[in-house]
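Worksheet: one structure, shown below.
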Amino acid sequence: MLELDHINTFRGPAHILRGVSLTVGDAEAVCLVGRNGAGKTTTIDSIMGLLPVRSGKVAFKGRDITRLPAHERARLGIGYSPEDSGIFPDLTVAENFQISQLMGASRARGASASGAETDERILAVFPEVKEFTGRRGLNLSGGQKKIVAIARAMMLSPAILLLDEPFEGLAPVVVNRFIDAVKKIKGMGISLLIAESNLNTATRVADRLYAIDRGEIIFQGDPKSALGNGEVMKTIRG
Amino acid sequence: MSLLATTQLKKYFGETHAVDGVDFTVTQGEVLALIGSNGAGKTTLVNVISGLLRPDDGTILFQGADVTHQSIHDRIKAGIARSFQLVNLFDQLTCLDNVALSIFSREGKTQRLMTLADGDRAVRDEAMELLQQFGLEAKAGMVASGLSQGERKLLDVAVAYALRPKLLFLDEPTSGVSTREKAPIMDIITAIVRSGKITAVIIEHDMDVVFKYSDRIVVMHQGTILADGTPNEIRTNDQVVMTLLGTHA
Amino acid sequence: MTSVPSFHSATSARRIVAYAVPVAVVLLVIPLVLPPYQTILLSYGLIMAIAALGFNLLLGYTGLLSFGHSAYFGVGAYAAAFLVKYLGIKSMEVFLLGGVVASAIVSALFGLICVRYTRIFFSILALALSQVLWSLALKLFWVTGGTDGLRVPTPTFLGGLVQTSGDKLSFLSNTYYYLVLVMFLLCAGVMWVIVNSPFGKALQAIRDNEIRAEFVGVQVRKYRLIAFLVSGIFTGLAGTLWVPLNGLTTPDILYWPFSGEIVFLTVLGGFRTFSGPIIGAVVFNYLKSYAVGFTVYWQLLLGVVLVVLVLSMPSGIVGTANALWSRLRRSAA
Amino acid sequence: MRIVNLAHGNLYALGAYVAGWILGLFAGPGHEPKMWLFFLLLSGAVAVAVAGAILEPTLLRPLYRRAEEYQLLVTFGLLLILEDLMHLVWGPYPLTSSALPDLLGSSTILGATYPNYNILVIVIGFVAAVGLWAFVYRTKFGVILRATSQNMRVASALGVNVKRVYVQAFTLGCFMAGLGGAVIMPISGAVLGMGVEALILAFVVVVVGGLGSLEGALVGSIIVGAVRTLGITYFAEIELAVLYLIAVVVLLARPAGLFGRA
């Protein structure tokens, strides 16, 4: 589904990602764990095309997308939910959804996913969305923003969702809700790549884990072996 | 004797009742933690008390005086200071100048046009001493935008602390820093606050941090106060555990 | 606390002296070596430098871009012209006093209105207010002389102690040049102290982060107003100095393109540095005196250079030179 | 789009000049005035739209990531350039064409005579304003436009071609400015300096009415229009000063403008 091959990414003069490689399979939930500043967001931004990749290759469904602009990647079926949710504050929730709906429609005109069906899929995951579709983004709580951000990305009928810190800043009880939601999304056959700084939370949602530190992948494997790996535990938890 | 007391404080954003009739008190000398899930209204409450937002209703008493409609400037003079969740610094000024400005302001010297800021040795020494307390003395001459996230958080607190407030609000002093950096930052901040005998209100998400560093905890939920008590009382309060920690905890 | 680093004040003060003294010496001997025309040109440059220093207190240090500084320059100039026309006064000292008072009043008045806003709203409000003065100067011709302007003769100094009669050219290129030079050095020194004072730091804090500045106890609007006032007075003083040199004041110096020139030369020199506006003013003045002779489409040229400058060299002459210099030093080390 | 454009007034002037020039070619002496000449007004709008489509990617796009000062400065440079270019191309004298108002004649309302063309201008202005509002708030493109102006990174990650949206929005803005200049040209002529004057007047309208308020803009423009008309008749010398005085009084009494939210 998604494949990163030795990518190097810079933010200004700073060399952030050093030869990062990872893969996400069909309908697989992969977590990228690491401390703040380890390079998680940079990895997500590199995949989405929000940051230029200096060298290496990003491939999606077997196609090289390394030089594609962000909007074309989105139209190919990469959904994205940023760390700060990135809700358009002056738009209503319904209008927030419309953005990706309009784009999704132009991508999949005549294809299987019509707008109505996507709506149902979102309601299946986040039924509470219905209660605040008329509200402006500005007036949403942090948790509601996270919901809208994920739901909005699903409006694109994506093949993969990139979620940047979807559980950050949520109360533990809400985190549980979100973990269920993520599992439901996976159940729909959508792949997930989740950036997460809490190793415990990560092991609860991931089929497979990558640990990243100082811009390098230092571990990959299943959640159990991650928890059993002393070095990973030490780097992530400090 | 309560240092700060709000009565029936309200702040609405359209349909969202961010702060909905809150009676919140802070007692002289304590380190209080304000917790609650995202959107519970913690930051809004602090924004209203510190004067960034006007309340829709209710009153705020500070040391017995009504400050509800005072300007930010007057509240700072009265002794209410705050730091910010998203670091809010003077990015093109050096760390030393960031802190020195607070000291100049406290001493009413910011209106001096014809003296050199660096010529004021007393202020400079105090600023250096403060930076040293916060472990930032090596960065004194660096512009604030060049600091790491953890250092920026510390400097943000230092800038507020340099005002020598009677009441200091710290809005998530460890958000955005790694788990490993959290404890050292909180150690530094609480040590300074306690040794300076400053009353502090800390907004925080991390339960471990909250239980470890605070004397009293106030829990907010959907704009109202859900519980108020010592760390032990809160830890065993079923209602709080249900709302905040969920059944899994 | 034995080791308080003195990196800031001592080194920068020493550096300033190291730069300023040789420059001042060169400026002192210029009338002796250069032809009068060149000296007068330099006088214009130094006068514009005073205006630019005032302007940059707002742009570079407070983060407010005014497109209306022609107003204060013009007020300074017209104040002197009115003193001549209505009171028959020809004393330079009175001119300077009158210019300062008049520009202080006008900038306090305009400032009260402008500092309620920031960003483009501030910029256009400042522009709009300057246009009011321009339209008044143009239309109330029985007071201001309209497009013909008002003449200002050679002024007297120190109640006539300094010889000012005789050859006007030699007066302007000698005595008057030194007056301008003294005023310039005085203004530059005062401004340097202001931007390095606690007040100056507070202004920079406002520029960097308005809300936080409020939360360390800086009364943002009041400080902006004071900055506006100081800025207006500097620019007004420049206007007063300019009038006897030019011999005539017309509504042109109140019109918006003149504000544009002040903006331009500050950006040309570099608004992120203290010396940028000074360098920019002097260089601009030479550029203008040659370009005007070479093309009538002076504004077009100005616009093109401004666009190219902002797109390719936004830190101006001084900023770019500093960057080059530090790169050179690093590669040499 | 949060593009700060000081040269907008001069683009309006450019619309007036182009329309005046084209009209002059077809409706000058020796030509029979015809109704189809009205379509020539569109030439001004189209020309300015083309200019916008060229200017946005070349001059403005490189600056979106930088502080607002730089946009102000570049567009100020553009203002200087346009002002002198119009001088260069069309000379220092005003460009006028009375062919269109002559065609329409005039009518009498409440005892006063108004040229029909002026009434047409009011209608065009009203239609354009309503159309623009509907476009921004009622169409798909409007939603995308507002989203892009609020967060272009996220918009692009949701499939929006941000660069194209910016060019389109800026071009549309220029088209409107050009159209405004073109329709006013037969009344007031195309004059040097009209650009800056329009910029400031538009600003006064916005400030008096309240930022970001459409009804405010409407009321503001009526007030400004009335004051100017009265001013030209009764106190020509200080007309501009009185206008600003009103703006200042409004601002001091209601800093957010008449209809603005505090």
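Letters are used for the chains, namely A, B, C and D, taken in the order the chains are written, and counting of residues starts over at 1 for each.
As a working rule, contacts are C-beta pairs under 8 Å (C-beta built on N, C-alpha and C of every residue); 3 or more make two chains touch, one makes a residue touch a chain.
These numbers were taken from a predicted model, which means no experiment stands behind them.
Using the contact threshold fixed earlier, the set of chains in contact with both chain B and chain C is empty.
The chains in contact with chain A as well as with chain C are B, D. When each chain is reduced to the average of its Cα atoms, B sits farthest from chain D.
Distance between chain C and chain D, defined via averaged C-alpha coordinates, is recorded as 33 Å. Each chain gets a centre from the mean of its Cα atoms; for chain B and chain D, those two points are 48 Å apart. We define each chain's centre as the mean of its Cα atoms; on that basis chain A and chain D are separated by 43 Å. Taken as a contact graph, the chains are arranged in a single closed ring, with each chain touching exactly two others. Each chain pair that touches appears in this list: A-B, A-D, B-C, C-D. Interface residues of chain B, counted against chain C in their complex, comprise 50, 52, 72-73, 76-77, 81-82, 84, 88-94, 96-97, 100-102, 104-106, 109-121, 124-125, 128-129, 140-141, 159-160, 163.
Interface residues of chain D, counted against chain A in their complex, comprise 140, 143-144, 146-147, 150-151, 153-162. Chain D meets chain C in the complex at residues 4, 6, 59, 62-63, 66, 68-70, 72-74, 76-85, 87-88, 196, 199-200, 203-204, 207, 211, 236-241, 244, 247-248, 251-252, 255.
Partner chain B is touched in their complex by these residues of chain C: 1, 4-5, 7-9, 12-13, 190, 193-194, 196-202, 204-205, 207-209, 211-219, 223, 226, 230.
Chain C contributes residues 59, 63, 65, 67, 113, 116, 119-121, 123-125, 127-129, 131-132, 135-136, 139-140, 256-257, 260, 263, 267, 297-300, 302-307, 310-311, 314 to its touches with chain D in the complex.
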